Amino acid sequence: MSDVPSVLSPASECVGEDEAVTARVRGEPLTLTPKDLYIPPDALEVFLETFEGPLDLLLYLIRRQNLDVLDIPIAEITRQYMKYIELMQELRLELAAEYLVMAAVLAEIKSRMLLPRAAEVEDEEDPRAALVRRLQEYERFKQAAEDLDDLARLERDIFMAAMEPPPMHHEKPLPDVGLDQLLRAFREVLGRADMFSHHQIQREPLSVRERMSRVLASLGERGHVEFCALFTVEEGRRGVVVTFLAILELIKGHLVEWVQSEVYAPIYLRPAGPHPGWDDAGDTQPNT
Amino acid sequence: MTPERLQRILEGALMAAQRPLSVEELERLFEGDASRPERASIREALREIAESCQDRGYHLKEVGSGYRFQVDEELAPWVSRLWEEKPPRYSRALLETLALIAYRQPITRAEIEEVRGVAVSSHIIRTLTEREWIRVVGHKELPGRPALFGTTRGFLDYFNLKSLDELPTLAELRDLDQPARE
Amino acid sequence: MTPERLQRILEGALMAAQRPLSVEELERLFEGDASRPERASIREALREIAESCQDRGYHLKEVGSGYRFQVDEELAPWVSRLWEEKPPRYSRALLETLALIAYRQPITRAEIEEVRGVAVSSHIIRTLTEREWIRVVGHKELPGRPALFGTTRGFLDYFNLKSLDELPTLAELRDLDQPARE
């Protein structure tokens, strides 16, 4: 490392003896291969493409010459860096703007180092310090990436041990509904109905509605039912009244109709509408 | 290769494969190795493996396309809980439809739609019918004879009601302050 | 439930799950059972299971999202022959980005770019997100509210880690004040 120019001898950095000739880059790309690159010329393109960016390239240049990052010979590194950039241009590799930015950074550091240092500003930071920090930081993560790649990982080194589950039958669970949810839904829908129409929703005894369903259902099953059969004595007076109201509601809504063949004959209830086999005038006894 | 080592390799491969492996496929695992086990040794190793699982929670099973490990059926009650689905939730549209049928039965679809202001999907009617909460109780004497829906005994049972009377009245509903917490 | 039975059930579930299971998930296997094992018994059973696999071709491993069985690493040369396709390889750019997110999380894209000295391609962020190794964990209070990235449990699972603590130690940043050459 003794040939590395020291920080305080900027003059010696202007020309690097060993690389002077190859610094001319406007000719054949192949002749431009730095002699210490040790890679076949046809692999150069691939080689240059492997750099992850300007920091990576700088690190490579430093490591190749076994230089200490902390003591970068800026002029030397800058010259080599520029050479690679020009190589990339010659090879028409897509040159990221970051490389050019870094070239400018290097040139700036170099120019600052060329300026004579006034003794009184000795605590002024070495112009390379910021670059060195970035290089060190980048190198840590370059290493971390390699370490990560070396970790045992699924698909490559680790295979999950698994096996066929036992035969199972799945029952799809049905949603649960709470009564409060149902009430809330009803309240909401009524609230909306109030807003959209002037529809007056009056109070109705639910037992009548329920009984309406039950009467309709029994008619559905049997086609027609004798009026008296719809009442159950065991339900008491209240039950009879509810059933009667339900029947009246059904008749009012033209959901059912009643038929009686003659006075005092049994009254039948049947679903409203045409009925094959029935006399639509409703004055004959239903066929039994 | 010792028989034990052969067993370990086969066992590892069978567990990693996530599909049954035939003896031929197991043979191919050793392709390129200096010493390749005979097919007979592989079969013998499979027998040994099968035996060694005797008192574990799984077994080696030969199926159409080869061998695979399978978890014992008697563990199914626990293992199946891994795939247990959370019950889905019913939509607001469904709950409103159900509420209208409960409170205003017998009711036609058109009547439900009139109150709700939107169409009632057949899917909702089908779901409620399959759940056996509603049923067709009759038909209204109108063109097309639309079905009249009512609630069932199953509906009362589910909501723990003796009769529809136990549903809060409309007045009580309106008095309900803020909806009860979920 | 005897300890042996508990072990068999846990083993069966872990083998059938095809993904790591946390102790909480294992606990839930017994939901609804008359006697439910304590968490401590489950942990004890897991220890026993781990021990019982000692001389088999697989072992119990704790990774980010729980416990899983995995084939012994030394069997990988044979087991990997089951697949024709080579395992995916990841570019340096992707690995460096992932390393920065793993060690420096939460981190913005701009911060990654600052360390790497080059733009981070959207393609890399997309790949890492699709693999479910990273996710947006928040937004930095800066103009544009840039996303902050962090790693996921899936990242730990994939790289065979129980927690981020198990990542290889990051090389020390050498102090600039140190003598340049030792």
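A, B and C are the chain letters, set down in written order, and residue numbers restart from 1 in every chain.
To be clear about the criterion, a contact is a pair of C-beta atoms (placed from the backbone, for glycine too) under 8 Å apart; a residue touches a chain by one contact, two chains touch by 3 or more.
Predicted model, so just to flag it, every value in this text is computed and none were measured.
Student: Of all the other chains, whose mean CA position lies farthest from chain C?
Tutor: Farthest by centroid: B.
Student: Point out which chain occupies the most central position, where each centre is the mean of Cα atoms.
Tutor: Smallest offset from the overall C-alpha mean is found for A.
Student: As a quick test, compute the distance in whole Å between the mean CA positions of chain A and chain B.
Tutor: 25
Student: Roughly how far is chain A from chain C, going centre to centre by Cα mean, in whole Å?
Tutor: Computed from C-alpha means, the inter-chain centre distance equals 19 Å.
Student: Approximately how many whole Å separate the CA-defined centres of chain B and chain C?
Tutor: Centre-to-centre distance between chain B and chain C: 30 Å.
Student: Quick check on chain C: which residues sit in contact with 2+ other chains?
Tutor: 12, 15-18, 58, 69, 71, 79, in rising order.
Student: Of all residues in chain A, which are in touch with two or more distinct other chains?
Tutor: Correct list: 159-166.
Student: Going by the contact rule set out above, which residues of chain C touch chain B in the complex?
Tutor: These residues of chain C touch chain B: 7-9, 11-13, 15-18, 21, 25, 28-31, 55-58, 69, 71-72, 75, 78-79, 81-82.
Student: What residues of chain A sit close enough to touch chain C in their complex?
Tutor: Residues in contact with chain C: 1, 50, 52-56, 68, 70-71, 96, 98, 102, 129, 132-134, 136-149, 151-166.
Student: What residues on chain C touch chain A, complex-wise?
Tutor: Of all residues in chain C, those touching chain A are 12, 15-18, 58, 68-71, 73, 76, 79-80, 87-88, 90, 92-93, 95-96, 98-100, 102-103, 115-119, 157-161, 167-168, 170-171, 173-174, 176, 178, 180-181.
Student: Over in the complex, which chain A residues touch chain B? Could you list them?
Tutor: Its residues touching chain B are 159-170, 172-177, 179-190, 192-193, 196, 199, 201, 203-207, 209-210, 212-214, 216-217, 219-220, 253-256, 271-273.
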